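I'd like to ask you about the structure that follows.
Each chain gets a letter, A, B, C and D, in the order it is written, and its residues are counted from 1.
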């Protein structure tokens, strides 16, 4: 007997009665309030359907009702694990409309902040992925290092999660005294701690068995489904906006784009996606070191851009490399102080779309592994 | 750089029967080594109610207001994306009789956007990190340390009024002498009362 | 020292314009009625423009001068599917990055549908807009060409009331199934209550 | 028949024998339930402290003062006082019976555990066999719980448990054959007595068969983890997949029964491991005290500490490794552990035969 779930065909030796299981909205493996309706034959899934919207907070509608700068705190809140990146994406889109630019020091500060934020976000991704496959301890080690990062963020902007720090035209504040030393100290500590995650989680035989060859997303599928970020690179596509369409000063910096190579299974499996995140943290650390060497004294805010302004009419789409993929802001201005349309292209939303087509044919336990490997933040899928 | 930071290589032996047994034992042992090392290392957590985290100067906690500096320009309330600041005062010439200045922490996002436009630099986000309330209405914080007029203000108002009266009297006296000339209809001080917002708001728009 | 000026920059109108012009020529030669809109303000604002703009915003001056990305307007929205197929198969725009719509104003009788494309091989971006009338908001679904349009179209459909004909699964995605009205339209009025729960 | 003998000496002879047996059984049961409760309470506290320190935390710190030693007592009191929720759609008889069966079988298996010379509730000469047979009965209770809860996640947990425990009976049984062959007895107390040589260090794991003892112990330990539903084999209650598995719908005292059973089963498996591989109550120098009043308490202490150490290792493993998928559990059981066990049985039997016939040991 065969059950079709999109193009995949599940073949079962013994067919029994299908059972519909409701995974979520309250379920430990759905990273928030995602609801996945699963149809299973025993332990093998034969169908899946995602239901979202439990955390919909009308971000796009709010964007049409508040000032350009007033929208900044709302950008923090769609992907709350990488708020700096969200701030940056929005700020760049507004800057493009304004035709203004950030000073050099602000740009380096922005790179340092978003890369540190990327490390923090990937630490949570890797740690919670450990939770999804049943290893609890790596999560605490990851949060321990993330705590250092949150202290760094707290020192520069006063908040630990929702920063509202990168703003159109620069950043809110200059770094306090000794802050760069703290960042440098973190980069050293992180390189020492990184092997712990590797030894404890990624190299573990059980982890490899649970992730290798599970949830394989082929290169063609990844592109067709619009997957971006680690999900796209995990499928073997060599694409990173930071390198291929550089924004800020990424063009001057030296870093490698990590692509999944199927070291433990086949290209595009859950192991590869996690592997890409693991090594992206190392690369981000490298970028931060380079920026620390290059940053010079100077202004951190473009004088032309204030806290309240009007943008000339026009459209701007800016996609940046968020930890989860391409975060796009499509802003339309009619020349006023408020956006006419504020569209957020959320990476988790797009990456999640393919999951219901990856699940059929997997085992029930793989559902947690696959959803975890996509690394969704529900605040972002639902906005 | 650490050896482990380099990329791994394809390991075909992992797929054989003996390779599986070997790698399972080896990786479990190395993982247990990591956990054993941490078992005897110092914990990093704080015992929260007794030990408090050291909060940085820039921390964005609960607001505090330097009431004497505030000029009731409403700039912070206008900058607030979620309209959680509510203020009310009566102007007596240059003096302010404060009625209320509240921040609704049910809404407040601690984004600090209210701090930047302040022309007098008098509203701040403080170091207090906890919001504890037994009722939703308790989350609407009153930032004022006093309401109504202080004795000093009363004195100053009285002085200003006396001055104004004297000026008026002088003006009237002047008017009386030059009856034919047209007079100003309104008092300059009263005009100021009527205008709610002042110049500083214009300033903040420039950044 | 300017990130907009970098040659390969995503934001440089040069790269976007170049890609758009090439695409336009190819689309035109394939017989589609398309039009290119290019911004007429300089990419980098001259000094003091911020002040001028602020003043202008106060005056509400609707002068037609704008900045940002150039985009292609597809005049015949019925040919959308063919254009997308042409873009993907002939010109190498592999990914549909975003597919959404906008409502310019409550008075206007049309909605704008916007499609953002990304080409991994060309390292370029492209934006295509179509106009959708508010009376009969119906567009072809591009899910058959770009699978990723599935959820994007569901979202645009519930937010703007656009019907995507040929969509495989036209359910609401973010809003409840029984939500009334289309929230991102400018004339949308927020409901007083939903299932007995006050929304104010 | 230690307790009955003791009672017949103590009480007047008019009391019939069956009454003595009943009374003895009652006393033994009371002692076991008290012991298991203490072990479970201590193990829960230990688990939380071990987990905490492994994860750079401290674990419970408040209740009772020193390192929160009274935390699990407080939790236990809370669980007893909590409302007992039974779903309206649940199969009530099964739902109510399941925790009792689960805990009862775990307690019953303690009957054959030798804590010290003579201190064994019932010295069964098929002790190993008895414990393996009785402890696997918990599966029935878990199945009842999963079915009776009328919850799909619970049912999944129960089915996984049934499949897993049934499969791992085989490697567990095979791994126990090696010490049984070495000692030539199924009795745990006899096995412990036979490891008394070398001043108390002639444990099976240090014996001339150590090269069989070590792999057989690893085999036993892995199978024991699976039998007791501990990570990496905690599929029946796998948190991130099945919410809480078969005990999702349980609360209050019934939940605490499942909780106690887990730790009782852990301790039981560790006790078997201690008795067969790690010399039971034997410890270097302990034989010097033989005959004194101190000997029996110390022997019990040695036995408990040794088995608690194995419990600690189980916890250590739990907080290190991820969880295996159900098909991999089956593959591990049938493709890896069972062949290894069969191979070891073959090698061990040849070795024991060689020892017996050539060297006459």
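Descriptive notes on the structure:
The rule is short, and it goes like this: a residue touches a chain if its C-beta (ideal position, glycine included) is under 8 Å from a C-beta of that chain, and two chains touch if they have at least 3 such contacts.
As the structure is a prediction and not an experimental result, all values here were calculated from the model.
For the criterion of most C-beta pairs in contact, the winning chain pair is A-C. Using mean Cα coordinates as chain centres, the one most removed from chain B is D. Rounded to a whole number, the gap between the C-alpha centres of chain B and chain C is 37 angstrom. Separation between the centroids of chain A and chain C, computed from CA atoms only, is 23 Å.
Taking the mean of the C-alpha atoms as each chain's centre, chain A and chain B sit 29 Å apart.
Chain geometry summary: the mean Cα position of chain C and that of chain D are 65 Å apart. In chain C, the residues that reach two or more other chains under the touch definition are 54.
Touching of two or more other chains is recorded for residues 20, 28, 31, 34-35, 38, 44, 205-206 of chain B.
Shown for chain A are the residues that touch two or more other chains, namely 137, 141, 144, 200-201, 204, 206, 304-306, 309.
Listed in rising order, the residues of chain A touching chain C in the complex are 52-53, 56, 58, 60-61, 64, 92, 96-102, 104, 107, 223-226, 228, 237, 239, 241, 244-249, 251, 304-306, 309-319, 326, 328, 330, 332-337, 340-341, 343, 345, 349-350, 353-354, 382-383. For chain A in complex with chain D, the residues that touch the partner chain are 19, 21, 27-29, 43, 130-137, 140-141, 144, 200-201, 204, 206-207, 209-210, 363-368. Interface of chain A with chain B (complex): residues 66-67, 69-74, 76-77, 137, 141, 144, 147, 154-159, 162, 164, 172-173, 176, 191-192, 194-196, 198-201, 203-206, 208, 261-264, 279, 282, 301, 303-309. Chain C makes touch with chain A in their complex at residues 1-4, 6, 8-11, 39, 41-45, 47-50, 53-54, 56-57, 61-62, 64-69, 71, 94-98, 100, 102-104, 114, 116, 118, 120, 123, 125, 127, 146-148, 150-152, 159, 172-176, 183-184. Listed in rising order, the residues of chain B touching chain A in the complex are 1-2, 4-5, 7-11, 14, 20, 23-24, 26-28, 30-31, 33-35, 38, 44, 55-60, 79-82, 109-113, 116-117, 125, 204-207.
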